[in-house]
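Order as written gives the chain letters A, B and C; numbering starts at 1 within each chain.
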Amino acid sequence: MTTMMNRPASAPGDASGRKPLIERLNIVTALVVGTVSAIVIWQLALHFLPQDAETASFFNREDKISLMSLIAWFVGFMTGIGALIGPFRWAFGKDLNHDENMFLAGKDQGIKRYFRYTTDHKVVGIQYLVITIIILFVGGTLAMLIRTNLGHPQGGWIHPQAYNAIVGWHGIIMIVATIIMITGPFGNFIMPIMIGARDMAFPRLNALSFWLIVAAIPPVFISFFTGGITTGWSAYNPLASQAGLGMNGYIAFICIFAISTMVAGANITTTVVKMRAKGMTWNRTPIFIYGVVASVALALPAFPVFFLSQIMSAMDRAFATSFYNSAAGGSGWLYENLFWIMGHPEVYVILIPSVAALMEMAPVFTRRPLFSFNLAIMGIAGISGLSVLVWAHHMYISGWAPLLNAPFMLTTELISIPTGMLFLVLIGTLWRGRLWMTMPLMSIFALLWNFMIGGITGIYLSDVPADAFLHGSMYVTAHFHYTLMGAGLTGALASLVYWFPKMTGRMFDKTLSWVSFWLVQIGFNVAFIGMFLVGLAGQPRRVESYASIFNKGNLITTMGAYTIMAGMLVLLHGVISSWRNGVKAPMNPWQAKTLEWTVANPVPLENFETLPVITSDPYGYGKAQS
Amino acid sequence: MSELETTQRPSWWKRSDAKKAIFLWVIFTAIIGYTASIIQSRAMGSPASENMSNTINMVKIFTWAAAPVAGLVAALTITTLLGQRHFGDNPPPEAEHEIRNSPRVAATWVVVSTLLCLFAVIYGMVLVQADENKLRTANPINIDVTGQQWVWNFKYVDNGGAQSADLYLPVNKPVLFHVTSTDVMHSFWIVQMGIKVDANPGYVTETGTTPNKIGVYDLRCAELCGLYHAYMQKKVHVVSQADYDAWVQNQGGNA
Amino acid sequence: MSVETHSHSNPHHEHPDVVGSRNRLGVILILVADIAMALSVLFVFFYLKGQNVNDMWLPAATPDSPAVLALSSKGTWYVTALAGLGAAAHFYGLKGVRAANRTQLVLGGGVALVFSLAALIYQFMQISSAPFTTTSGAYASCYYLIAALNTLHLVLTVFIAFGNWNRSRLGIYVADHWHVDIVNVWWIWMTVSSLLGAFALSFA
């Protein structure tokens, strides 16, 4: 399939001229093996799996078959991409040799390395970037379908079944996209260079974490055509056990994705702890690194809980166990607890790296040091620590334990203190600065504005009496869009423009970045202020039609949403056109002082000829320093 | 705000940008507090119970407590944005100083945010406790609420167990709802009374209130419960005691 | 790039101890995730037991079916014991490689492999001979969940123990032994997680 004309003669390959297995595997073989195994298992199961007993609940056999096919897809895909080569070579005592490792790192393979199990962190970073853009595009399209349907009162043109499926699909893939949107592309591409490492600690695990996401996506896409995720992204049981076969796609998606985040979390954390350049003490480590590590380390204990909750959901569906079925001793509150033990750390998994990325940019665009580095670290650590203790604020009105409402109210509101620290760091850095007016700089202002609204509305929601009114209303939807999108996505878009020159070797088109910035931010604020108002007026979430008193607010939101769409399309156009024929970027276009700007464009394999030695932190701007 | 210890500089509050920021802070606090509390309380409509009036008050108070914070952030950022701006492809010259920290500012910031946070916690707790106590001491009428896809059913326990798909409540009489579900989770939300509790299969949860205004209000399901979640709505009729007695007897119960 | 690395099998000239400590941290972090999952399983068990929704933790007898009785936890303790013996055998092998005694490593690794296989087979037998089905209430569900988690762990253990034994047999572990060290970490956690499951089931 590929010809390696310029590979050294010493490369592995037997005398017959057949290329070794490791060189024959790529995304095509993965798709073929995955699809074929899924179809084979599906057919076998159809023929040989015994019929359900009369007493079985309706879906059991179909659920078994579809789950088995999804597992077969997963195993087949990972085999076909070559994920199993490493472990089996280890077990049989034939470790990969240097040339094979170099092949895996994508040496001299041009564009083809992006379609293989390539271990080079820069390749993985670009792969993550592309897949994030694809997921955001799909999720955004679904958001537009939702808003179009809601633009017209009294139900729209989408059938309630399809509408619910769209809401669930939009929710879950946007959650995944926002989780990976910073730690994926920038955490993989930029982070190792920023700390002065040649690659990640475990390059093969790095490739694994990316290809797991690729393997996870088809199940969730297919699920839309097999009944859909009609439960919202939270997939509360017992509603989820009642839902159609599409839920199995959700389960498979979550389980595979949870493994991916776990692998990535262990990998990134180890890289940062063990592989920082000589002299890069914790005081001299850039704040972005702290953000990335806090995010992935938080995911480590959080996602296995989610994984388990979905395994139990699968068991309930396929084997009629009773984890969530109250008629047979199960409990919906169990699911809620497990889900939110993951669910609340997860929002900080999304938010922290985004704020940290903007903290990294603030000194660059104001040409002065980061204000109070220690406070920034305390803020990040405080949020991470508290975030695992607040999950039950999603369950104030579920009635599961009214006595626990007060302690959870306390922990939740305590989070505003470390969050305030992050605000102070950003404002302190900007204050009286000479502002270099670029899209990343304005994104800091946008983040402060959006996150302020998201944070303050969060305090209303965290107080039980107000939550008794606001919970489950559009107010909540608006609130978390303000934090995840207004703050999270804003930081990710700024990161894209900021690190685009290093990742692609070309500058991001300035005009397009400004146009998209203003369209997105204005549209965003219009859309979600409108949503706050209908929420306060009493419109529940996830409804496909509403009373006429909500007409105006929904129309405002829909118009805002279309503005966001225009802005995001401009941005997409900017990405494509700048990547293809943007202005060639110099090595350090922003004159920043972190290590990633000291390597050439394009970044060579293994990044550094000689590893750098660090003598100061990267925020030495200001006259006093020079 | 910045901590310039150099003696020839004027005190920080005498510098022009600090003055501008303080001026903007006052203005923004007033604007944000006023407009946000007006808009929010107007959006929440007129209350039909004390719970709801408390909630509206709480939102107003929180808004006014948050307004200085939001106003400060807005004032500082806008003053900065109005200051020195630099356009072009090359960075501006570096700053003349190298301020990396200001313990005084940081400490003030943390202390103030902690106080605000504690205020929110304590206020919320007091309110919750008050609601709880009221529920316990009153002698409420009990109504069993059962959610099922996609309707609500009500059983008037204290009125001979009359059953109905309509919710009628006497005005100014405390009422306690015992909520459960037969299939999936629902959420029992009487919008204008500001109360909500989930209906869980296998469990009974409680919420209560005292409707204080005769009228017709909205009961909506606030937890996605399947295909027709959006249509799982009902009107709540708050009527005089006499009307209520008549209605209950009409449903086969006793007054 | 990296011309200086071509002649060397270790491209970065890193000391094996550096690589070893990095790998150990990575494995421990992955174990953090696994520990979180194992603890959640305990949470599930005790939450459902505590709630006993509709008195269906252990359903009483009905006209159609007899009452479900909690299984003796003895079986799960036996699995734990087998895992513990495997861990001990592996530790014996580890001490061997530390003393540069290859025979001891191969022997310890081989015995550990046998124990992991025995535990896996025994676990299978237990699952297949359980006197209830997946539909017999919350206790039965939790029983299958814990057994399934343990089975998954044991399958991984068999794979790892096989690799470890095979590699020591081939003489790969003469000079460095951090692989064996890390396998030891896994064995310990495997035993502990099995013990947690047995512990929970003792409180049915």
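Convention: a residue touches a chain if its C-beta (ideal position, glycine included) is under 8 Å from a C-beta of that chain, and two chains touch if they have at least 3 such contacts.
Please read all numbers here as calculations on a predicted model, not as lab measurements.
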Pair joined by more contacting C-beta pairs (B-C or A-C): A-C
Closest chain to the centre of mass proxy, which here is the mean CA position: A
Centroid distance [mean C-alpha coordinates] between chain B and chain A, Å: 30
Chain B-chain C separation of Cα centroids, rounded to whole Å: 48
Inter-centroid spacing, chain C versus chain A (mean Cα positions, whole Å): 30
Touching two or more other chains - residues of chain B: 202-203
Residues of chain C engaged with two or more neighbouring chains: 53-54
Residues of chain A engaged with two or more neighbouring chains: 326-327, 330-331, 333
Residues of chain B that touch chain A when the two form their complex: 1-2, 17, 39-40, 43-45, 51-52, 54-55, 58-59, 62, 66, 69-70, 73-74, 76-77, 79-81, 83-87, 89-102, 105-106, 109-110, 113-114, 116-117, 120-121, 123-125, 127-128, 131, 179, 183-185, 187, 189, 191-192, 194-198, 200-203, 205-207, 218, 220-231, 233
Residues of chain C that touch chain B when the two form their complex: 53-54
Chain A residues touching chain B - in the complex, by the definition given at the top: 155, 160-161, 164, 167, 230-232, 236, 238-239, 242, 326-327, 330-333, 364-375, 397-399, 405-406, 409-410, 413-414, 416-417, 420-421, 423-424, 427-428, 430-437, 445, 448-449, 452-453, 456, 459-460, 462-466, 468-469, 471-473, 532-533, 536-538, 540-547, 589-591, 619-626
Touching residues on chain B, where the partner in the complex is chain C: 202-203
Touching residues (chain side chain C, partner chain A) in the complex: 1-2, 5-6, 8-12, 18, 21-23, 25-27, 29-30, 32-37, 40-41, 43-44, 47-48, 51-57, 59, 134-135, 137-142, 144-145, 159, 162-163, 166-167, 169-170, 172
